[in-house]
Amino acid sequence: MLHENERDLRETILRISAVDVRKCMKCGKCSGSCPAYEQMEYHPHQFVAMVDNGDIQALLDSDASFKCLTCYACTERCPRDVRPARLVEAVRLLKIRKQGQNHLKPDAIPAKLEAELPQQAIVAALRKYSK
Amino acid sequence: MQVRQDWKPKIVAFCCNWCSYAGADLAGSSRRSYPADVKIIRVPCSCRVNPLFILRAFQRGADGVIICGCHPGDCHYTSGNYYARRRMTLLFKMLEYLGIEKGRTRVEWVSAAEGAKFSSVMNDFVQTVTALGENVKLEDLRCKEPLN
Amino acid sequence: MQGTAQLILERARELMQSGQIQRVLGWEKGEFEHDPTPAFFESEEELQNFCYNDYCGANLSKYLIAASKLEGKTLVCIKPCDSYSLNQLITEHRVNREKVFVLAVPCPGMLDPVKTEGKDLSQGERKDYLLDKCLCCKGAEHKIADETIEGPSLDLAPEDRFAQVRELEALSPQERFDFWRGELSRCIRCNACRNVCPACSCVKCVFDNPNSGVSSKASADDFEENMFHIIRAFHVAGRCTDCGECSRVCPQRIPLHLLNRKFIADIDELYGEYQAGEEAEQRSPLVNYQTTDKEPSDALKGRG
Amino acid sequence: MQRIGVFVCWCGSNIAGPVDVERVAEAMKSVPGVVHSTTYQYMCSEVGQSRIMEAIKEHQLTGVVVCSCSPRMHENTFRKTAQRAGLNPYMVEIANIREQCSWIHKDKEVGTQKAIVLAKAAVAKVMLNTPLQAGTSPVIKRALVIGGGIAGIQTALDIADAGYEVDIVEKSPTIGGRMAQLDKTFPTLDCSACILTPKMVDAAQNEKIDIISYAQVEKVSGFVGNFTVTIRKKARFVDELKCTGCGACMEKCPSKKGKNEFNMGLNNRTAIYIPFAQAIPNVAVIDPEQCLKLKTGKCGLCERVCSAGAINYKQEDEVFERQYGAIVAATGFKPIDLDAFDEYGYSQSKDVVTSLEFERIMNAAGPTGGQLVRPSDGKHPHEIVFIQCVGSRDTSGCGKPYCSKICCMYTAKHAMLVRDKYPDVNVHVFYIDVRTPGKNFDEFYRRAVEQYGVDYIKGMVGKVFPEGDKLIVQGSDLINGKQLALQADMVVLAAAIEPDPSARKLATMLTASMDTNDFFTEAHPKLRPVESPTAGVFLSGVCQGPKDIPETVAQAGAAASKVIGLLAKDHLVTNPCVAQSNELLCNGCSQCERVCPYGAISYVEKEIRGPGVREVRRVAQVNPAVCQGCGACTVTCPSGAMDLQGFSNLQIMAEVDAICK
Amino acid sequence: MNYSYYPGCTLKTKAKELDRYARSSAEKLGLHLEELEDWQCCGAVYPQAEDEIATKLSAVRALAQAKEKGGKLVTLCSACHHVIKRVNLDMQNNEYIRTRVNNYIAPDAPYAGETQVLHYLELLRDELGFEQLKKSVVNPLKGRKIAAYYGCMLLRPAEEMGMDDPENPKILEDFLRALGAEPVLYPYRNECCGGYIALEDKGQARQNVDKILHSASLAGAEAVITACPLCLYNLAQNAGKERLPVLYFTELLAEALGVKEEA
């Protein structure tokens, strides 16, 4: 039995990601495709399994969701149409939507600016890493 | 008009013996539920469904009528569903023309392998008809049980 | 008109004399100019009562079902619009072509006695007094003929016969329902529409057959009023030539042709233009199909 | 006055759980016409049936309603029960209170109420039933097998063995099918050709079997026992009777660019060719797309070298009709196209091959003479990666949702054969699951691992791409929690299998139903697995679902035995639920004739006598042996003269009334 | 033919060349690009979550405006294209999102994904035709060995983006051929460069960039082209030992069409 809190978290992730984790047949093709595999503490297939198991806290405690490149290779190649990238994003959102939990704080940006850095990199980072 | 609180629609489903009735059986054997408001009448083919039957159902108080047959091209009798498709299209358009809500009539193709589809079609149809409420435009009031 | 009637009579007499025909199916003079009635004329003597005037709107083709069973050939006067019904009846084997001599008669458009009642016809245009069906005239061409009598034809650009159907379609479902309820509730089940309809030619109508399960001699409630007319329209769908007789004869002036025209409009739109009775041996769209026909759900998409 | 008996089945707890069967039986007692109403645990059991029979006799029942499972399950059972008790079998109606009630409704009140309504509808219908007598129709004692692979060959051999004539229609120039392309067979590793070719020869030599190769079925009409089939035999441009199969023409043919279908296009063949050495018939065929003579009018070399004078450039397709009592579909399969799986690099590297191509590479009669070499450069490979489930178990829309069933075993076979013949080659297999349910199957797979040292990796490959002359295989190793990037010389894809594309058209012609994957549907998934729901049409081999050779052969035999059972009958009892025209009401309008798919309606001029009527009229007549009872005619008939026995207008309206009450 | 044009924020700042060359080339080719009025930044990242509504509004405003102006919206930056195209599909297919977005922006007529979103490359391929493009080339890029870099956003998810085969695309290669250049095929052309992570983790981005550039130069490329300012930045700025010139595809286009100098 999952703890009530875990169950809520699981429900939230499933709702906002609109992913049906039960469709996963645990083939591992997502993780076989992932270009950020080495950097991610938990790999795409683990996101699917851990959400299914309600093991959400571990995902929230990890920075794996910030290492995802959102390149959709996992989604593209999944034979069961599970779309793991949406789960990663849902976990990331759950993290940054908490007050004060922005991964990237606006005042940290100036330090990261370089001459050639395109506008979209900052926009994207703000959108992905903060609320 | 008095409306019962717990009002449930009456739905008549004509199912062809070869595909849709078998699909309904498969829905049952795979335990895919749909509301009990749906009562199925077995016909050999969707082309057996006479407009008279549909009007009769509405006359006797049905709130929705659905005709299910084999997918076009898969009719057990080769062409029956093609005729049914034309007949029902024209009939339903006529009923719509007469001001009958078009959600009360439907044609769906459900194969013997589509138990899940049968159930989802019926769930959806019941939902649609329930939202439309009681059929008051096409009914013979003599045939109605008095409201208690 | 006087001249045309004379030409018809002359030809009919000749054919009767030569024994090529046994009788004539035409119109008989009534008490007034505006009430000629369809009649069989078995002899030259009887033909003295023959008339062909501005009020001969009645379609004679259905009477040929009975005439087909009689001895010998019947000469029938067929206006251009009637010729469609005749073709349809021949296609359905209800009229024996061998037993019929088709005399194609010209038609200048027929008048509606209700519209002309108490009016001075010299005032206004002829168009104002025409039968509704003539306003959507299919043209001066006869689709079947053994012989043709020449004469004046209707010179009028036909109205869009689907205009009223479209107007109704544009209403809300409730408005449409109210419209039809208002119309159909006036039905007194006199069966005039059925009796005149050339497509309603069943030896026994389901509504008269106590074993059919749906028989009803008189409509007992709203539903039965609807039921009779929906089923009647469905039974003639794909076979109705849009001759307009149903509405013409309705004593309650119910626009029954708008039911038939709805089917015709839908058939034209969904399955390609089709005119019943255009020629003999056509295959009606309801006993035909294309594997690519539109799905009912798609055909019913849209407003309402 | 009708006397109806109602019998409510518990079906153990299947019905009695969610439906209060006693209340249903009780409620039915008060329905007018019902004189007896009872329940029993299993109505279909011997005891249940005797109860019905006793009740029929005791209460002089004129009609029976059984409230039970689907009529598709036991309608026939209970009809026979009624017949044994002296009641006309068509005086039985079934109320489906299991599949369409108890199995879908959890609430007992809801289920019970619905069961009562369904039972009332059945009573309303049965009150209007009339006793029907089944007619008979003759059986043509000849069978047609469509497809000449191992399934078709075995079916034909078994039918012929029972003494019946059977034709095999095969679309390619030779019979043999996919099995002829295989090298070895699992789990015994015997040579495929060695066990198949003797069967092919048997079929060719059997007097009862007519092999119609390079042909296809164009049209099917008729019905069980009496099918008429139009067959088109494509022009071979070679006289089958004269050609000796010497092969001289192939040696001389200058057009050598045709893709060799038998070798999966791995090499080329000449324009005139015999698909493979053991082809049956062993007769050449000219590919009109490649032949210079047929395309340009210049050449004619084969005609000159043919000492038998068999070449005929003017040959045309031959179309003929034959009659059959039974038809067997044995149309087989093909591997799926890999266009939607470009991540495996199939279209980008010649060294990525499908398993069937690998089969040809390993075959001594194949394009490499059985030498394992890379298609790109002919070099000996040192690392081979096999990828399983390529397009199988795929619900993303790119592949097939089902398990192709044979891939786990043939991949183990390939891995083992490679390791056995070339111990220097390392073999890796990426797998999702290894499925080995079959006799000696798991042992076989374990031998590949334990004895031959095949490296099985639990995980899936994300991408295969060339780098230098190697292929990089990037995939996951789920057991070790790693992402791998293996360097391979060859990659073999276990592509999913799908029904041969010709099956779809055939199914339409046969009016046999198909599932969403285009496999033929069986009449019952468990109890009638080799029959199609269309009477007289039977299923053999992979056209019904993925299966391996032993299963195919078993099913082929089963289909044959069903055919034999049919052909052994001189007459078939026909369905009496057919259309009937009431001449008193018929207008003779011919509308019904136009919609009849079977041509069962004809017209006669007839003197009609009825109350107040005596005249000669044109009226419709239905041939009950030809009518299949669809009812299309009944709705075109405006007067209601045409009605369907067993599903009459009045019966259906009675059901409508009962349901809407 | 007139097209609405959505340049996006980066094309107004760091990636001006991408925009400039695209406009001058389009003009030369007779394609009329009309920049939308008062467009707002698309956000650069497609918000995947079902409950993200506000983040989709700017894309929908652009789409709704384009609907008014003829119904075809051309994008250029890969990220903008990705975001706008997918938001458009949401508006077509996702009733939940459609209703809420329409409630927010309350347009004159509810927007339901009617606009057709075209990437500049699709404009060239599907509207103009590469054959036609080829005819307009005045300086064929003969002998130039160019590696097309797709990255992720143009192609995936293919079901939604629908531009090309996600595993073996050819639109950029065909484009290069039309310009007379020689496309270089290399397996990493559809692998992610890690641009998004560059701000967060340079090391991770560098690893990816090296793999891509290594793969391209192994195949003999002399330069890499892209449609994405973020990819261009990342490939050019965060490369380790492998280095190759990285250009916008529009720059080559303008060059081949002879309008590079004017631009």
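Observations
The first chain written gets the first letter, and so on, giving A, B, C, D and E; residue counts start at 1 in each chain.
Quick note on the criterion: a contact is a pair of C-beta atoms (placed from the backbone, for glycine too) under 8 Å apart; a residue touches a chain by one contact, two chains touch by 3 or more.
None of the values given here were measured: they were computed from a predicted structure.
The set of chains in contact with subunit B as well as subunit D comprises C. Touch-path distance (fewest steps) from subunit A to subunit D is 1. Averaging C-alpha coordinates per chain and comparing to subunit A, the farthest chain turns out to be C. Centroid distances built from C-alpha atoms place E farthest away from subunit B.
Note on interfaces A-E and D-E: more C-beta pairs are in contact across A-E. Centre-to-centre separation of subunit C and subunit D, using mean CA positions: 53 Å.
We define each chain's centre as the mean of its Cα atoms; on that basis subunit A and subunit C are separated by 72 Å. Centre-to-centre spacing of subunit B and subunit E amounts to 49 Å, using the average Cα coordinate of each chain. Here the CA centre of subunit C is 65 Å from the CA centre of subunit E.
Chain contacts: subunit B has residues 51-52, 56, 73, 79, 83, 87 touching two or more partner chains. Multi-chain contact residues of subunit D (touching two or more other chains) are listed as 343, 397, 463, 595, 636, 649, 653. Those residues of subunit E in touch with two or more other chains are numbered 166-167.
Chain pairs that touch one another are A-D, A-E, B-C, B-D, C-D, D-E. The part of subunit B that touches subunit D in the complex is made up of residues 10, 12, 17-19, 21-22, 24-29, 31-34, 36, 39-45, 47-53, 56-57, 60-62, 70, 73-80, 83, 87, 111-114, 119, 143, 145. Contact residues of subunit D toward subunit B in the complex are 70-72, 96, 98-101, 103-106, 110-111, 113-114, 117-118, 121, 507-508, 511, 513-516, 521, 533-534, 577, 595, 597, 628-632, 634-636, 644, 647, 649, 652-653, 655-657, 659-661. Within the complex, the subunit E residues that touch subunit D are 159, 165-168, 185, 187-188, 215, 218. Those residues of subunit D lying in contact with subunit E across their complex are 339, 341-343, 345, 347-348, 397, 463, 465-468, 472. Listed in rising order, the residues of subunit E touching subunit A in the complex are 8-10, 12-15, 41, 43-45, 47-52, 55, 77, 79, 151-152, 155-158, 166-167, 191-192, 194-201, 204, 208, 229-230, 232-233, 236-237.
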